[in-house]
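Can you keep this structure in mind? I'll have questions shortly.
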């Protein structure tokens, strides 16, 4: 469903992505990991065109993200994204956060949007907070609302950019639980994260990146038990000794 | 300074009040026009499209380098010439003020827009909202809210600036005070009274701004 | 649009002299006012930060008074009202014997007004210096005066060069208000030329170009100053 072919990207003179390629099949859950500065967040932001690429090709369900002819706004409405810093709109209530794009992009009526929003809030366990403002919620609650906000658009795939990195430890699990359930329901997911427990539990494949390159791209079991590259071995030994 | 004549102030109050109304009305309309045009200028400057950005930047920097009196003279001269017929002092002044203050409001709004986290724009983009939808529903409401104390302060400055329509004899509060001062020969009383009125309004407004800032800090 | 263009009128000797004379008055008023305003404003700004309540109150009152009254009103009061309010012989001297009353009044009014704005910048600058620095100074035995002289003022004045630049430019723009009390500075002269020659476009363009040039030169000077006095590594500027 998601095809990344030979992507290279520069910020000025600095090459942040070097000839990266990968594929994500429908229903697959792929975890992208690696040390800081490896380009993993940048890679995922290229998938829905939030960041432009200078070389290479990305397509999602046949739609070419990298082609100038593609209507990016329309494409983005079909791919959900969850951010490290939640990015809920602080001046709108939880319900309004979920309804805005439904009404303005999908042109749903107010009643339809509210109905969908409330069912999703139920799913993430936050229906009682629907009239609260983001500032009144904890980090874990905000992130769950952010996931619901993306799901409200009925996306074909979901991208997660370090969804738990900004959370206090005791709140990480409530968000991971939502993500696990989502994976088990068959959502196509690409997740940038350090949470290896999550990866082991639900990921089908793991992509390991370092210094802008894809070093390993293998199924989960093989990656954790038999990493091929030294860099991956090094990374795993540091991460797993927490 | 023995004979401070309060009577002349009292007698001229209705006349002065008319002038004050014009000052307030001019201020109010200029604030609205200035903020709208200023926001558009700010968006133009922050847009990726460099010719537009350059034009907006040039406009803002030009208007901020020259005195308001000169801008008033410019528009009093230009507007009837361009339109082909005389337009009346108030409207020439209004156009001059909106064009001038927009340059200042645009800097305020530009700072406001930049103060909104980039992630907010990303969040809007990632759900398929268009550029104008993101500005209208996500960025501008937050930018505006963040900048309210500064916007009001600029409004106070604008109100003080309206006194300059004196140079084209538009009958605002300042001109009215001056007319009374000269016809009645009571310069001290009228100008001191004018100062007191301006001070009261501006000081009260600045206290309101302080109150707003305190509320926003919570 | 019916308009006869004649840029040559600007270069006719009489009108050119008007422009030069106006330019001269603008610069003179602005610079004299700035020097006074900077000195007075710095003192008042410092005064707003000292522990002594009486001094703080007086300085705050000064700032609020001069900030909330339009400059035009202030100028009129100095020019028309103050001479009347002075004791008779002082008033008479001001009105008759003082040389260049328009110039002096304009400078006084502009200086006092600008001083209140500079005072605010100075105050903000002092308050932004991390309080740990004053604590360190006190712990090392420096008196309050010494703390101001060696720590607070050197740092805060460097920090406020950008907003002070803006005030510096503003002083040139505000000098135009002197025309309301009869000083024939640049804007007034351009208006005169417009009225005499009907070449308003040319006249106002000349004034505009001159003001823009003043702004550019002033900005360059202030930027050079900023670079010269910058503390390396302290505020992201300098070596």
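In order of appearance the chains are A, B and C, and numbering begins at 1 in each one.
Definition applied: a contact is a pair of C-beta atoms (placed from the backbone, for glycine too) under 8 Å apart; a residue touches a chain by one contact, two chains touch by 3 or more.
Here the structure is a predicted model, which is why all the values come from computation and not from measurement.
Undergrad: Edges wherever two chains touch, nodes for the chains themselves; is that graph a line, a ring, a star, complete, or other here?
TA: Graph shape here is a line: each chain touches the next, no loop.
Undergrad: Among the chain pairs here, which one is joined by the most contacts?
TA: Ranked by contacting C-beta pairs, first place goes to B-C.
Undergrad: So which chain ends up closest to the centre of the protein, judged by Cα positions averaged per chain?
TA: Chain B is the most central one.
Undergrad: What whole-Å value do you get for the distance between subunit B and subunit C if each is reduced to the mean of its CA atoms?
TA: 21
Undergrad: Between subunit A and subunit C, what is the gap in Å from one C-alpha centre to the other?
TA: 55
Undergrad: Can you give the whole-Å distance between the Cα centres of subunit A and subunit B?
TA: 46
Undergrad: Quick one: which bits of subunit A touch subunit B in the complex? Just the residue numbers, please.
TA: Within the complex, subunit A touches subunit B at residues 45, 48, 50, 73-81, 83, 85, 87-91, 100-101, 104-105, 146, 149-150, 153, 159.
Undergrad: Under the touch definition given earlier, write down the residues of subunit B that touch subunit A in their complex.
TA: 117, 119-120, 122-130, 133, 137-138, 141-142, 145
Undergrad: Can you check the complex and tell me which residues of subunit C touch subunit B?
TA: Subunit C residues touching subunit B: 1-3, 64-65, 67-74, 76-77, 80-81, 84-85, 169, 173-177, 179-180, 187, 190-191, 194, 200-201, 204, 207-208, 211-212, 214-216.
Undergrad: What residues of subunit B sit close enough to touch subunit C in their complex?
TA: Spelled out, the residues of subunit B in touch with subunit C are 1, 62, 65-70, 73-74, 77-78, 81-82, 84, 156, 160-161, 163-164, 166-167, 174, 178, 181, 187-188, 191-192, 194-195, 198-199, 202-203, 206.
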